[in-house]
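We call the chains A, B, C, D, E, F, G and H, going by the order they appear; numbering starts again at 1 in every chain.
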Amino acid sequence: MSDTWKVGSLELSSRVLLGTARYPSQAILFDALAASGTQLVTVALRRVRPTGGEGDLYRGLVERGYHLLPNTAGCFTVKEAVTTAELAREALGTNLVKLEVIADEETLLPDPEATVRAASDLVARGFEVLPYTNDDPVTARRLADVGCAAVMPLAAPIGTGLGIRNPHNLSLIRSLVDVPVIVDAGIGTASDAAIAMELGCDAVLLNTAVARSDDPVAMARAMGLAVQAGRLARRAGRAPRQHLAEASTSMSGVAAFRAYESSKEMD
Amino acid sequence: MNVVVNGEPVVLEEPCSVEQVVRRVTAATEGVAVAVNGEVVRRAAWATALQPDDEVEILVATAGG
Amino acid sequence: MSDTWKVGSLELSSRVLLGTARYPSQAILFDALAASGTQLVTVALRRVRPTGGEGDLYRGLVERGYHLLPNTAGCFTVKEAVTTAELAREALGTNLVKLEVIADEETLLPDPEATVRAASDLVARGFEVLPYTNDDPVTARRLADVGCAAVMPLAAPIGTGLGIRNPHNLSLIRSLVDVPVIVDAGIGTASDAAIAMELGCDAVLLNTAVARSDDPVAMARAMGLAVQAGRLARRAGRAPRQHLAEASTSMSGVAAFRAYESSKEMD
Amino acid sequence: MNVVVNGEPVVLEEPCSVEQVVRRVTAATEGVAVAVNGEVVRRAAWATALQPDDEVEILVATAGG
Amino acid sequence: MSDTWKVGSLELSSRVLLGTARYPSQAILFDALAASGTQLVTVALRRVRPTGGEGDLYRGLVERGYHLLPNTAGCFTVKEAVTTAELAREALGTNLVKLEVIADEETLLPDPEATVRAASDLVARGFEVLPYTNDDPVTARRLADVGCAAVMPLAAPIGTGLGIRNPHNLSLIRSLVDVPVIVDAGIGTASDAAIAMELGCDAVLLNTAVARSDDPVAMARAMGLAVQAGRLARRAGRAPRQHLAEASTSMSGVAAFRAYESSKEMD
Amino acid sequence: MSDTWKVGSLELSSRVLLGTARYPSQAILFDALAASGTQLVTVALRRVRPTGGEGDLYRGLVERGYHLLPNTAGCFTVKEAVTTAELAREALGTNLVKLEVIADEETLLPDPEATVRAASDLVARGFEVLPYTNDDPVTARRLADVGCAAVMPLAAPIGTGLGIRNPHNLSLIRSLVDVPVIVDAGIGTASDAAIAMELGCDAVLLNTAVARSDDPVAMARAMGLAVQAGRLARRAGRAPRQHLAEASTSMSGVAAFRAYESSKEMD
Amino acid sequence: MNVVVNGEPVVLEEPCSVEQVVRRVTAATEGVAVAVNGEVVRRAAWATALQPDDEVEILVATAGG
Amino acid sequence: MNVVVNGEPVVLEEPCSVEQVVRRVTAATEGVAVAVNGEVVRRAAWATALQPDDEVEILVATAGG
């Protein structure tokens, strides 16, 4: 069953986007990326270090054929985000950008108003913008309206692993926008990713849940499977919930033995 | 000539192009981008000469979420 | 990674047990069984019908190499359950039995006291007993103590699809017994199955959630993947939950652009 | 001789074995089990003759959860 | 609005039952009892201590006009529970007993089968039995069937304060038995008590949540108010939940100003 | 125990704010207001009707001594909201305004960016602004920063009665702003209101949950009690949650009867 | 003179003050506010004469959440 | 005569009634119950004499949940 999806000009079969930060080692990072089945991975732009160690990351990802999604992590203003996106395009040769405009260092939550302004500016500059946003359906719709290639609402604050705090908002967002909905931040374990897909989201972006697991490679594989499972379950259509019990096995044709019970056995 | 490269003061002999200052910190020929005084300097313009007190940012892709 | 498990004398690699009732057709049933990856399927014992249609089910399952787990569905007393188990062993040549002693037709919930008595009797008769039980940790431990090969607590009342009503009880049960814990009844969709495995359960028994899905084959595949995902995630060890946000991308080496912002841009 | 087979009254010519009454309802040679008056009759004992008013249950594996 | 209820031969207006253990001091205990509005308080039966301090508790409660509900806490067998109940009746002159038959010291969960046997024995001895039980609807119905004056399912394991783990079971119990349903154990804070009443339960029995609060007297008052609130809300009948938003303020008669907006103001 | 709070220039003892829409009759409205104990009630501004029926509402509220909180319901732009607020101040002689700038008629959710602009304008015009907002902590802080007298995050979309969708966000908001936090919209029943207060919110604004209850007066009373209960419980400080059970009744001094048990009684 | 009052076209004899048009729709002396062409007209200014085609909104407090 | 009272060995002069042994540990006239060898001794029977090696439990109401 082919089930590809498009984000901007990319067509992807995997619905897992994976971050590259916080892994025990680069070897484990590359194994985790492979185990997850991801095709699109996030990177940050930072000052080159004499060691040049980061060069290895870039080459390592490109050689392995991953599409890169540079982020604007650490940006608190529209200007910072736009400049960072321009530098990322220059360095990595991609129009894709994960737009993050953070409101403050305490909550690390996105600044909805500045994110919309930055998104609108970047779209005009020819970027394919994937904005990190809160789970407000109104802000998500505005981001779609200004031309973003997708919207990326959070499940819970970044790094908390609290899972999907507000499923109702995610389904509202899914029903309000026509672009892909990618759940970004807050996923804690495999079932959270499955739930995101069951709510109708198109993909999941993960980092800490995988990188900080005791076994990042196993967790990456778990996430890849969970996302497929949730996607399939959504498309299959769940059996209706009901308040009262209903037998799976039919009573028809049941044998009659009760007559033979001694009274003491009767319940 | 005094400039600032990735936040560190550096003394350069004039003239010094963007490309030359990039080479001081990395041999990477791809995956690198440069901003001078907050403006992107596209690869095609790396021959441009730096001016005294320029603030140069030389960035590469690194681990990010 | 080999990750087989044993229930009674069976060693299995799949952690999905699938029921055979309520499918749109037998063809869809067989496709769903294959899609789920299950190796152990439940059947009931009922009066033979002139059509003999049921014979096909038995042969169809045996030819496809499935292990059979006969149930005592429809039994309300110890005697009925024991006689049904004996007949199942006679008919199917297996010591395995899914013990169900139901308390009443209204709730269809298991009768804990009668289930323990029947289990104890069947163990003495040489059966490998997999009892359907509520999620009471005390009853689960008692069933293990009388020699059951596994315990099968419900997630929610049979057929409701309400998912895991009481995760706390399932983890208590997991910590109290040494035999496999198989979540039976109440699973609604893929993420429910993943959660059951993340709680430490060893397998999941499904029927209605698959058979009554709009697309049983796709849902069966989803369940198979979800169970693998949940199992892997449990073994990988999740990153710790935290109340406050923490950045995935490091700020170290971030570029400094703010100085160049016009004041109006300042957020 | 009147007996009850799977809940239905049936008239049989005597003598009639368990095996004979099973054959009336199914050709299946496996996957079948029989109880007479609530007691299991193992395959090895199917030659046993039924008695008047016996209640016979002939069961097979069927769809179950 | 009179809203009394009967448990056994007692008619009560307060729907809070309060335990007397674990308070910082007896003075705080008595203040908390008063603040909660309770009329029925639980006590244990223990060996008299030379100090005779316990005598003060008994006298203090009787003088303040509280009805006493002796428990069988610490009993692990039917015989222990029955003997303890008989001694309590002898000492306190009440037929009321809170029946506890605990399965093990690890989980401190009730033993359902032994609790049913003990209840049945105590009913025959003329007691008004209030059994502490798990939240299994089948066991609750059995306890009602053997003649208990009420059933007391737990919200969560004793002392955990985890709140109502399985609301679905509590509403099932409420719909299955005709005697009062009193939620016992596991309530953590005021809203838990309100939810118990909104589910249709008749009363709540508390101890740790009040006694171990930083301010037991204030928490006792909170619990008293929460139980009234939940009871009233249940009787009032809640407005139906809906998936989509609906305005409270009508648009009819709204003024028309938009025509006067400068375009820049248009959203 | 005096526990008043201040919102703008008002000092209030009741922490319930009640809307005046959707009641079966004006008589029931006034009874419900009284039953809730509210001191501050919301009204809309609409075109006068020949019947002049609305005049009665205004007079009825003023005569009963309620403080009025006019809303800007039905406004979709900053200009509409500001004009409506000015007219409300002119008509009702109060600087208080419940600011609503709605994004669209489908979701009826607040427009965060326009709400911040309108709030800032109204503060400059001398209003005491109580803005209706989503549960985004960043937007809530911005509203406080521009000088709002309180922030009023929603529990769930207006009129749904779904209760508090995201408790984590409400506690974040409570920890981020210094002005009162009033939960507005989405409360369904009494326990929802208690939970809002237990999360640290200062008050609750209700309308549909009361007006559309089968018995608005009883539900209003329930809400008044629930808000007091939740507030008291928050201040009392709850006993810590724990994963494992802990007895309330001590085992010390327990009698020893087990020796006398016949073996058959032993569990 | 044609004006619009609360969305309805109305014909008035000139001159007609804000106060006069208010009195046409309500006797209420408090709890009322008026806007003409989208601008608030404070009570103190109700003597102001309306102009042809003015759009008048006369509002009162009503049930709201 | 050796008996056990609330778990502690006690030596009593014979004869000794239940009431006497109760008085050794408490003056309380109500709220007290006694069991000897696991059987309840009702108040009316407190005059009963204890036997050697009797195990006596003397209980009162105490803090409980």
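Operating definition for what follows: contacts are C-beta pairs under 8 Å (C-beta built on N, C-alpha and C of every residue); 3 or more make two chains touch, one makes a residue touch a chain.
Only a predicted model underlies this, so the values are computations on that prediction, with no experimental measurement involved.
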Chain separated most widely from chain A, comparing mean CA positions: H
Euclidean distance of C-alpha centroids - chain D vs chain F, Å: 71
Interchain centroid distance [CA atoms averaged], chain C/chain D, Å: 34
Geometric centre distance via CA averages, chain E-chain D, whole Å: 55
Chain E residues counted as touching two or more neighbouring chains: 19, 21-22, 44-47, 71, 73, 83, 87, 107, 109, 111, 157-158, 162, 207-208, 247-250, 253, 255, 257, 260
Sites on chain H at which at least two other chains make contact: 6-7, 35, 38-39, 57, 59, 62-65
Chain pairs that touch, as defined at the top of this document: A-B, A-C, A-D, A-F, B-C, C-D, C-E, E-F, E-G, E-H, F-G, F-H
Residue ranges of chain A touching chain F (in the complex, touch as defined): 103-104, 106-107, 109-113, 116, 134, 136-139, 141-142, 156-157, 162, 165-166, 168-169, 172, 176
Chain A to chain B touching residues, read off their complex: 19-23, 29, 42-48, 50, 52, 54-55, 57-59, 61-62, 68, 70-71, 73, 83, 86-88, 90-92, 158, 207-208
Chain B - residues contacting chain C, complex: 6-7, 35, 37-39, 55, 57, 59, 62-65
Footprint of chain H on chain F - complex, ascending: 247-250, 253, 255-257, 259-260
Residues of chain B defined as touching chain A within the complex: 6-7, 25-28, 30-35, 38-40, 42-43, 57-65
